[in-house]
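Once you scroll down, you'll see the structures, which are given as structure tokens.
What follows is a pair of complexes built around chain A, which joins chain B in one and chain C in the other.
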Partner chain A sequence: MFKLALKNILFYKGRSIATAVLTFVSTMLFILYISLQDGSHNSMLENSLKIYTGAIEIYRKDYRDIGGNEYLIQDVKVITDKLEKIDAIEEYSPRYETYGLLSNKEYSAASMVAGIEPNKERVLSSLKSALIEGSFLDDGSANCIYMGAELLKKLKLGIGDEVAFIGSASDGSFAADMLRVCGVFKTGSFEFDSSTSFVARSYFDELMNAKNRASYITLKLKNIEDADKVNEQIISMLDDENLESLTWKTLMKSMVEIMEIDSVFGYISLSLFMVVIFFVIMIYGFVNVSSRIKEFGVLRCIGLSKRNIFLLLFYEIALLSIFATLLATPIAAYICYYYNINPIVIDGIADMYKDYGIVSDEITFDYNLFTIGWNVGVIYLLNFLSILYPYMYINSFRPIEATRHV
Partner chain B sequence: MYKLILKLAWKNSFLRRSRTLLVIIMIAVSMSMMLAIEGIYDGMVENMVDKNKRSDSGDISIFAKEYRINKDLAYMIKNADEIKAQIENMQGAQAVVLRVKAEGLLSTARKSSFASVVGIDLQEEERFGKFSEFLKEGSIDLQKQGAIVGIELAKTLKVGVGSKVVFSTQDIRGEINSIALYVRAIVQTTNISLDNSAIFIDINQLHKFLGTDSKNAMQIAIRGEDKELYGKLKIAFANLDVKSFLELQPMIKQMQDLMIIFNSVTLLIVMGVVFIGIFGVMYVSILDRVREFGIMISVGMHYKYITIQIFLESIVIGVLGYLSGALLGAVLLTYLEHYGIDLSAFSDALATWGYEAVIYATIKTSYFTTTLGAIMAASIFSVIIPLRKIKKLNPIEVIKAEK
Partner chain C sequence: MGKIVVVIFIFMAHLIGDEAHEIIKKLDENFRGKNIYMKLNMKIVSMGHERVMKMQSYSQGTKKSFVKIIYPPKDEGITFLSLDREMWQYVPKIERIIKIPPSMMLQKWMGSDITNDDMVKQSSIVEDYEPKIIKREGSVVTIELTPKENAPVVWGKITLNIDTTTYTSHKDIFYDEEGKEVRYFIYKDVKKVGNYYIPTYWMVQSSDTEGRYTEMILEEVEYDTKISEEYFTKSALKRFSK
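Moving on to the complex of A and B:
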């Protein structure tokens, strides 16, 4: 059957070329489309995670839903002592976040001001590497404020300038002080850069009366893939129903969901191409078998079973598919690999889509052999499905009737 | 003669019924899917454009020259009320509103967030963009320090209808000033910046709070699709910053351009593949009948008539495919236009990104006309190569050839 299939492929050149070309095109299209889609999603997530959000964050229950000082973590040290024992954690740090008004003589703006441990943040986030002017904080920085570039622009401040901070302390009392701009950062996330500023925790704890208290504790893992496993470990180790430990998947739920929707729409668009290509491959297969009915009749008369006929068609489509995918897959995989390492840069795209959290002008492709593998699998499946109708059509003829078919 | 050719073409189109049906189904399925996808994507963008125009920028917006760079109280349009009256008298202006804006801190007893307070006149906003249609919760009322909050801002602050909030900012004199407000309604405009950070209050109250002159405003927004209006406004108010909707929303312009590119590329690829499908069937169908064509030429039929017959056969298949696709596509689009795609399960995420939970399709005549053109082109071009093959045939040899 295999030899016969090979001979048929070579004999019916037109059909073979058309099927192979269409399979080649659909394989390329499928792999590149999915790679581009996954690559952009991964890059958006990675950028957001890199900037500030932790792989895991520990909160007191209801802090995220209700908020307020009564939902701050009250005894940070007890928790951090436990975290020390988990090997998979690369670094952790408690953060104290509050909203306040920053003002100078002429301008004012609302800002989220966060008290951070600067030395730990060098490992945890990209705040240090986002520095564009001045200097990053250190653990002993007193009233130094590290401000987002857009916020700085809004307040018309420069390095060394003073700015008044007015907010409410952790005990509900009024908190105010004069801060000095020490450094400016630009992460690329417009919203973050225009609304956030940082001060050292050692100083902020005094001002906000927040010693041993925190809004949450952020964690960086040695391997982000272990987030779910480590999170379970943390939950059992904390063993406190007033605390909740959440992975980035929950923390960035809206982004993850919007990517799922985007993927669904992507697959719908792609399915259009796949459906039309599937039909054409089926039509070519059908036209081919309908011109070979006599041949199939003879084969059945000399003793070949229906199963043999199916095998013959199966081998024909399998060989054509293997040939086309063997050609398309390495090319597509190389393109994915190349643009994974050297992303396509479209100047201005981040600025244009800043409201959507796009922080980079780079469009990255994803290079994942498993994804490429299932993409090729889908193409095979579609090609095999395309022989079903032609096969049913052949079987609708009795062998003798088929030998007389014109 | 032509009647006979038409009859022959019609009968020959169904000589191999299964093949013809497969091609018709292929065209119908791919075309209807393509129309539905185009309709949904265009619907998403058009909905965004409509809501953005109605809630914020209108078709044209006017600002003081420096305001868009320095969003400061110092950069207000002087005598905005007089300018508004002038614009209202201009031909093509359908509705005009004045807005006052200031950025600051919005706080509850538990939470705070940065926010933009927008001073509006509710009656005028209703005429301008049917503001009440954005209502998600509560009632549209700004009396007695009432405020309307954007849906995402309300989620951030965990406020609902009846909650008390305090907005703090610097007034015109540079003093930090605060105002207590009562949330009367929550709105979803699907304009990300408004939903994330806007709190709407009465324009006169905001003037009073900021200490600004009630004749001035930050923005004059104009509804009016008259293309000449923009030019007239540019000339009339050369000392101000007159911007069209797409100038203010370059992202939407880019989205529209991307949609055009996406739809064109999709049409090209799908029709390219459809062309290959029709070509395959027509090619085999013609080769199957070379003897028949040989006989027709031998009995004196001119090659021209055979050409017409083959073109007609291909067109018949194309037209039938198109009609089935158009019907299926119209049904799909009508359903999606009325019921949309319900993505309520992801409503929170969609709202964060400025989309509604139910996405409705739009229907444009151009979907059907461009597809008709493309299918006809694919049908006609698909028989050119088989026809050239027939032209080269020697009728006598073809007739003599074994059946």
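Moving on to the complex of A and C:
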């Protein structure tokens, strides 16, 4: 049957070329589309994670829903001692966040002021690389404040200016001090840049009476793909029902949901295209089979079974699909690989989508062999499905009747 | 006959509406007099921890008030001034007068369960809400306050349980715009001071938070005394801080 299938492919050149070209195009398109979609999602996520959110964050329960000093982590050291033992963690740091009032002589604005460990944040986040003026904080920075560019603009401040901070300390008492603007950052996220500022923890701990307390502990992993696995390990290690350890999927639920919705719409539009491709291949197959009814009748009369006929069609489509995908896959994979390393740059795209945390004008393709593998698998499956109807059509004829078909 | 019934109904509704307005007005008068001086202790209880503050408060009418923290020593000398619906704060440590921006008005005041907004919008129960009597039980009347159209308020509804023998409230419940109970005030130990009645124990608690509440006990109350106008100027923030 295999040899006969090969002969048929060579004999019906037009049909074979059309099927192979369609399979080639759809394979290329499918791989590139999914790669682009996954690449932009990964890029969105990486950008957001790079700015400030950790791959995993540990909270005291209800801090995220209710907030306030009552829900601070009270003994940070106990937790960080346990985190030290987990190899998959690249870096971690406790952060103390509070909402307070920043005020110069004329203007005031509410701001989230976070006490951070600057040297660790160089690894954990992109706060340092978002610096646009002045300098980033050091672990020993005293009353230096590192302020978002939009907040700085709102308060009409400049580098070296003084700004008053008032807020509630971790014990509920009143906290106030004069801070000096040492650095300005711009991440591209307007909301973040207009409402956030940072000070060194060593200084903030004294002011807020927050030593060994934290709003949460943020973690960076050696490999973000391990987030779920490491999270389970952390939960079992902490063994404290008052604490919760959450991965970026929960922390950035809204972004994950946006990405999922985007993926669904992407798959819907792509599947419409695939349906068209499927029907075109099927119609080509059907037209071809219709013109070969007499041939199939003769084959059945000389003793070929229905199963043999199915095998014949199966081999034909399998050979054409293999040929087309063997050609398309390396080309598509190379394009994905190339644009994964050298992203396409479209000026202004970050500005347009800054609210979604996109901080780069680069459009990256994803290069993942597993994804490419299942993409090719789907095309194969569609091609095999496309022979079912023509096969059923042939079987609707009795062998003698088929031999007389004109 | 039908017309007479309608006229009587409208007349009764008008009377009930007027009564509700009258009760709220008397309640508000009891809370402020022409002017009022209070020395009060505030105890903030949260997850087993307690924090005590003492302060002096001077109010005149519905638009002016001045508060000075006198205890603990760490916070001593912090002053607040409310004029109309604006609020300023002076912090001795940084020697700055700071205007509280509108975005901070719902933040907790000094870590307690009352907000900055509560400090400046006390008058709004008379001006911004429409009262309606919804229940009577002996001398206690339950009045529901709903915001007037375009009133700059944060609550969707407030219910007050008012004792009409003293025109003081036993319990105020605050609801959000969706009708969900958010917090409540409980008042006890009503005392007569001059011509006015005032509860000397106030307690405020969020409805969804257990183990956290703020108590206020009025140690001294003086009505209709001569409070200098100087208290209600921005320069007072610094001057009376010492």
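Keep this in mind: the second predicted complex is superposed on the first by the 406 of 406 C-alpha atoms of A that agree within 3 Å, B and C clash if a C-alpha of one lies under 4 Å from a C-alpha of the other, contacts with A are read in each partner's own complex, and residues count from 1 in each chain.
Heads up, the rule we're going with is that contacts are C-beta pairs under 8 Å (C-beta built on N, C-alpha and C of every residue); 3 or more make two chains touch, one makes a residue touch a chain.
Source: prediction; values computed, not measured.
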Clash or fit (per the criteria above) of chain B with chain C on chain A: clash
Figure out whether A:178 sits in contact with chain B (first) or chain C (second), or with both, or with neither. second
Would you sort A:101 into first (chain B), second (chain C), both or neither based on which partner it touches? both
Of the two partners chain B and chain C, indicate the one touching more residues belonging to chain A. B
Kindly classify A:66 by the partners it touches after superposition: chain B alone (first), chain C alone (second), both, or neither? both
After lining up the shared chain so the two structures overlap, which partner does A:166 touch, if you call chain B first and chain C second: first, second, both or neither? both
Go through the superposed model and pick first if A:258 touches only chain B, second if only chain C, both, or neither. first
Does the superposition put A:109 against chain B (first), chain C (second), both, or neither? both
Mind sorting out which residues of chain A both chain B and chain C touch, each in its own complex? 66, 69, 99, 101, 103, 105, 108-110, 166, 168
Contact footprint of chain A on chain B as seen in their complex: 16, 18-19, 22-23, 25-26, 29-30, 33-34, 37, 71-72, 103-107, 109-115, 158, 168-170, 174, 176, 192-193, 250-251, 254, 262, 266, 269-270, 273-274, 276-277, 280-281, 283-284, 288, 343, 346, 348-350, 352-354, 403
In the complex, chain A residues that touch chain C: 66, 69-70, 99, 101, 103, 105, 108-110, 164, 166, 168, 171-174, 176-178
Residue ranges of chain C in contact with chain A within the complex: 44, 46-47, 49, 51, 69, 72, 74-75, 78, 89, 91, 93-94, 96, 98-101, 103-104, 107-108, 110-111, 208-209, 212
How about chain A: which of its residues touch chain B in the complex? 14-15, 18, 22, 65-69, 98-101, 103, 105-112, 154, 166-168, 195, 253-258, 260-261, 268-269, 271-273, 275-277, 279-280, 282-284, 286-287, 290-291, 352-353, 355-356, 389, 393, 406
